[in-house]
Amino acid sequence: MANLTLVQAINLALVQEMEKDERVMILGEDVGLNGGVFRVTEGLFNRFGGDRVIDTPLAESGIIGTSIGLAMSGQRPVPEIQFEGFLGPAYDQICSHAARMRTRTRSAFTVPMTIRVPVGGGIHAPELHSDSPEAIYAHQPGLKVVMPASPYDAKGLLISAIRDPDPVIFFEPKRIYRAFREEVPEDEYTVPIGKARTVCEGEELTIVSWGASVVQCMQAIERSNDSIELIDLRTIYPIDMDAIEASVKKTGRCVIVHEAPRTSGFGAEIATQIMERCFLHLEAPVQRVAGFDTIMPYYKLETEYLPDADRIEKAINEIRAY
Amino acid sequence: MPITKALETHIDHISILDEHGSFDEALGKDLIPDEDLLKLYQHMVVCRKLDEIAFKLQRSGRMGTFPQNMGQEATSLGAAYMLDDTDWMVTCYRENCGLFWRGLPMEKILQHWMGDERGNQIDRKHYCTPIAVPIGTQMLHATGLAWGAKYRGESQIACTFFGDGATSEGDFHEAMNFAANLDIPVIFFCQNNQWAISVPTSIQCSAPTVAQRGMAYGVECLQCDGNDIFAVAWCMKKAIESARDHNRPVFIEAVTYRLGDHTTADDARRYRDEEEVALWQSRDPLKRMRTFLESKGLWNDAQQAELDEHAEATVTAAVERAESIETPSRDDIFNWTFADIPEQIATQRDTMRTTSIGQDPSQIASEQATTQA
Amino acid sequence: MANLTLVQAINLALVQEMEKDERVMILGEDVGLNGGVFRVTEGLFNRFGGDRVIDTPLAESGIIGTSIGLAMSGQRPVPEIQFEGFLGPAYDQICSHAARMRTRTRSAFTVPMTIRVPVGGGIHAPELHSDSPEAIYAHQPGLKVVMPASPYDAKGLLISAIRDPDPVIFFEPKRIYRAFREEVPEDEYTVPIGKARTVCEGEELTIVSWGASVVQCMQAIERSNDSIELIDLRTIYPIDMDAIEASVKKTGRCVIVHEAPRTSGFGAEIATQIMERCFLHLEAPVQRVAGFDTIMPYYKLETEYLPDADRIEKAINEIRAY
Amino acid sequence: MPITKALETHIDHISILDEHGSFDEALGKDLIPDEDLLKLYQHMVVCRKLDEIAFKLQRSGRMGTFPQNMGQEATSLGAAYMLDDTDWMVTCYRENCGLFWRGLPMEKILQHWMGDERGNQIDRKHYCTPIAVPIGTQMLHATGLAWGAKYRGESQIACTFFGDGATSEGDFHEAMNFAANLDIPVIFFCQNNQWAISVPTSIQCSAPTVAQRGMAYGVECLQCDGNDIFAVAWCMKKAIESARDHNRPVFIEAVTYRLGDHTTADDARRYRDEEEVALWQSRDPLKRMRTFLESKGLWNDAQQAELDEHAEATVTAAVERAESIETPSRDDIFNWTFADIPEQIATQRDTMRTTSIGQDPSQIASEQATTQA
């Protein structure tokens, strides 16, 4: 066991999977000698060489499109997109090809590829370095969408993603890349895709969140006197509704917290499925604490935009009082 | 010297058997043995017959949209002929002639255009990828496929096909740039058929040649008469060497013409002149090949009559096979989304006609029970 | 008044706006002499010339990116993307630039642009010609998303869109391009963006839908003995929740119908907002009849995928019986 | 002739004032009057000072990431100098020197990198577009801006700036292709500074020149020494003529070097040699210009000392202005999303700190009333 940051846990997962499986290749912008702008791939270039850790031209569609070809040919590419704001140029290759290849060819061709992408706000970065597009990709059939909230999960989920026979978008919440450490086993292990984690149990209200916001949820819970259950989704698609359903049927109240804009964010899907599954158990409408229907502001205002413990606390109180 | 030359370069145009029947021995000798020539010609005729029959099928409502190869048979066929059987052919949708040479069953193509995904369920032994609908995107897959082979130390290369219109898409640029800079063995084969639906090549590329697209990447660029299967073969030979032996991509522009409509959903008379079509009809690769074979004493009218019959029979049989394939089952909508179907999709599948919920229908029951309680 | 198809109504709107406003330009693939693959721009090239109706290179990012520049320079571009499946290559220009330009520059630069896009399934077309990505763009702050369901609305909404100072994605449901005709005034008029239309009134259940599915909803309503109110959303973003709220508070029951995949579709947002606003009025969970979490099938199975009157009827009955 | 030349072409490299101080009279004479030369030099020095001070601001937490211009001043400045004041400058983020020449207030740039959108609220009279963060995307806007001017019959052209890395993006290709085929007056100005963060130009473009990117479109391509403001000006003159008089785009590659880190978030020592940096330091455009001015008797140490002081004062004043701008109000998050803010966004704005709902808070009250009823 080692006490690792999320960055270190991901690095460790990459090292172990590359050692285990020759088919694994890393490609992207600055992932080589520089070790990635967040140093997630640090040391890999020296360890595995330029054939397996490849600095590509500055072209996201190229990175994903060639990764699709690599995957179709039998490799296990792990492309990195430098920031979630630069997924845009690759959107078409992801949604028109990676997501569709298995369906289109009835499994004659498949795309076992893990797209690693730093995600979310809060690091004082320029424009397009702070967004949360998980709902976009969750709406695209054929993709799995994963977002860990802790070093332990990051390692285990990334190993699952790399071994998954289908394309996975692996969002890495950059605000907590180095925010805290956690005991992470050195041996390899997997955390299954599609299973949520109950961070803490409670009886009176359920909070559902994912990614870096889980930290703010915990802060709000610590402040509260209520008995609150916190579910860290871990996987956005396929969603673990069984876990949410069981919790909400117990508590009757639910708050969902995410950074992405409120309208058509993934919180809407969860709230709707809760209504579908737990209608007669609900004591109050499911509440969302989310980003706003605006462009994520530059960093002078970013903390106003991101859900913080205050806003979560308000939601808890409102829903408890309902 | 304040003004110096940073680069001097040029583009070669290759023509071996021209539209007037003249044949360049220096380049053309020994390029294609006579017996293969006959096979290639027969192959083109069968493919042309498919165009004719598919058009009728679409008009009578037995098939959806279909893109004809008519006029461009020599391009994909010449390329397929020169490639190894295990080299990847990463095509768009106007390369039937080359794909059939590969052994791809004709009914697969028909099935695809009849609206059935199983037409794209291609046996990997053919080393062909599925029909690519979004224009300009498949060259990146070709680059990845060739890269994978190179990574594993295999000698396999990829040849990717696309139209003049496709060269306007950003993905085309990114694919060529990746291949050139990372030394990936891909041949970029552009079928410049003068049109992208109703838009002429001059709007896609106002440069004197499309071939010079490749100059941007410092790769070898060749232009050839695409209706001349010898010229195509000659360029492919050079390109294959460069790719296989040196991991260097090559860009080939084959100048050809789409004799038919864009697809059966299109009416080309709306936007182009009869004269232009007539000119290119005189350059038809099938006519040219037949005349050449006849001039060499390799072909006669009786053989042609027999071939025409064979072509009709071949295509008709393929249509029958395609039409006799059972309709896919409803469940097929769901069963191929992932290797393991998540519970949510399985529920949607299992309830799609029994309940509107798309969720576990037992929920409805239990909720109702609760209501009543 | 003339009895027009949806295609004709759109064509008429384009002609009138081009005559009225020199800044309006049409650009796209095959929009010129060919009049568009659906003939929506038929006659415009001859009428307004090649400077105002421009066949562009085959490059969607180029079409939208140059349109953004045209709009910034003071023009009113109306680019066409040939099918919704080909919005993918333009995704980045739409979401990273068009949607953000006003916010980014605090209105120093704006992007008054209307992107016309045929949308949806049911015309026996090949792959990527049958999708419904409205939720994707509704989740992107800074965009308005419109989808008419009738010739009258199509003309009035398109005129509003072209005059709008901000970028609008104007989805044209291709299944009903020529499916029926409607009286459309020859004079210009506008239908406001952001206002839903009550297609028919009812007391017992509300159906919310948009685009071509409105037709299937009407079929289901005709079959039913219940008193059903049908709301045609017309605008996806900004959504007219006031109309929906008023209706659902009256009926207590709601079914949402859309073609897009269920998970994270726009139905989820509506259902969630209904819960937020009408919680104590709801007699049953809001129900969604939608596409599935799968790739839209090729045309042999497309009618199985699209919500039809049968599936809507089932939903009505289930929710009425709840 | 079976092999014919479909195209012969070449690329010129322009150098006028080289790193050893030799000056080509034939090309350089009358290109830039002495008084302008002095102004340009002073301008560069001020911009270099900004780099130094901004770096310190970032290190002391008073600013976010900042991209220095250091080493590349002659490129954007030479271009800005030759353009008309009403020609569009469509930049990326490494063109401060040119933008200041335009009159863009320095505090605007500072404000932007201090995380405030108002830094991009640029008065349209400067004909500059906002800082473009997504690489390679702004060339399309330049093309549209120039197209708009052409449409309206204005003589305005656009010049767009981007790095070597940006030429790998698909949008770059689409922009050049639109401009070339639709005859739009844009100058594509590539600052090839040898690096895209840690990735060398050879991975973006393994061709002998980046300039040949433009050959793909049949447009004029020029390569110049980007640290030589005369060479830049010479190329711009040619390009402006071509664009303004003939609506023909031109591609210019200015060969230069990023002397600093990519941004203040980067540490270039991780991936590049000190030797390479030293070599390019000897080619520094500021040094070169100063030596040249001194050799012409136009400059001396006293003037330099005065200039250094002036530069420090100018930048310090700009920093003070930038730092004294009031923090934007919370409402600003919402108020710029659309011309007319929809009700939903207004509610989110008005309730952001008073309730978590983001919906009309009266709902909560009324619902609660109902509950209690």
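Going in written order, the chains are labelled A, B, C and D, and every chain counts its residues from 1.
Going forward, a contact is a pair of C-beta atoms (placed from the backbone, for glycine too) under 8 Å apart; a residue touches a chain by one contact, two chains touch by 3 or more.
Note that the coordinates shown come from a computational prediction; the quantities given were computed from them, not determined experimentally.
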Exercise for review: Check every other chain and keep only those touching both chain B and chain C; list them.
Suggested key: A, D
Point to revise | Of all other chains, the one whose Cα centre sits farthest from chain D | key: B
Practice item. Calculate how many whole Å lie between the centre of chain A and the centre of chain B, each centre taken as the average of the chain's C-alpha atoms. Key: 38
Exercise for review: Mind checking the centre-to-centre distance between chain A and chain D? Centres are C-alpha means, answer in whole Å.
Suggested key: 34
Review point. For chain D, which residues are shared contacts with two or more other chains?
Key: 117, 134, 168-171, 174, 177, 181-182, 203-204, 332, 337, 344-345, 357, 367, 371
Check your understanding: Of all residues in chain A, which are in touch with two or more distinct other chains?
Key -> 56-57, 59, 61-62, 85, 88-89, 92, 96, 103-104, 127-128, 141-142, 239, 263, 276, 279, 287-288, 292-295
**Study point:** Residues on chain D engaged by chain B in the complex (per definition of touch)
**Key:** 2-16, 24, 26-28, 168-174, 177, 180-182, 202-209, 211-218, 223, 231
Exercise for review: Show which residues of chain A lie in contact with chain D when the two form their complex.
Suggested key: 29-30, 32-35, 37, 55-62, 85-86, 88-89, 124-129, 255, 262-263, 287-290, 292-295, 297-302, 304-305, 310-312, 314-315, 318, 321-322
Exercise for review: Would you tell me which residues of chain B are touching chain C in their complex?
Suggested key: 64-65, 112-117, 133-136, 165-166, 168-171, 196-199, 203-204, 265-266, 270-271, 327-328, 330, 332-334, 337, 344-345, 348-349, 352-353, 355-358, 364, 367-368, 371
Study note, to complete from the structure: So, in the complex, the side of chain C touching chain D is made of residues 25, 51, 54, 56-57, 59, 61-62, 64-75, 77, 89, 92-93, 96-97, 101-110, 141-142, 144, 165-166, 194, 238-239, 241-242, 273, 276-277, 279-280
Practice item. Give every residue of chain C touching chain A within the complex, in rising order. Key: 61, 85, 88-89, 91-92, 95-96, 99-100, 103-104, 127-128, 135-136, 138-142, 237, 239, 260-261, 263-269, 271-272, 275-276, 279, 282, 284-288, 292-295
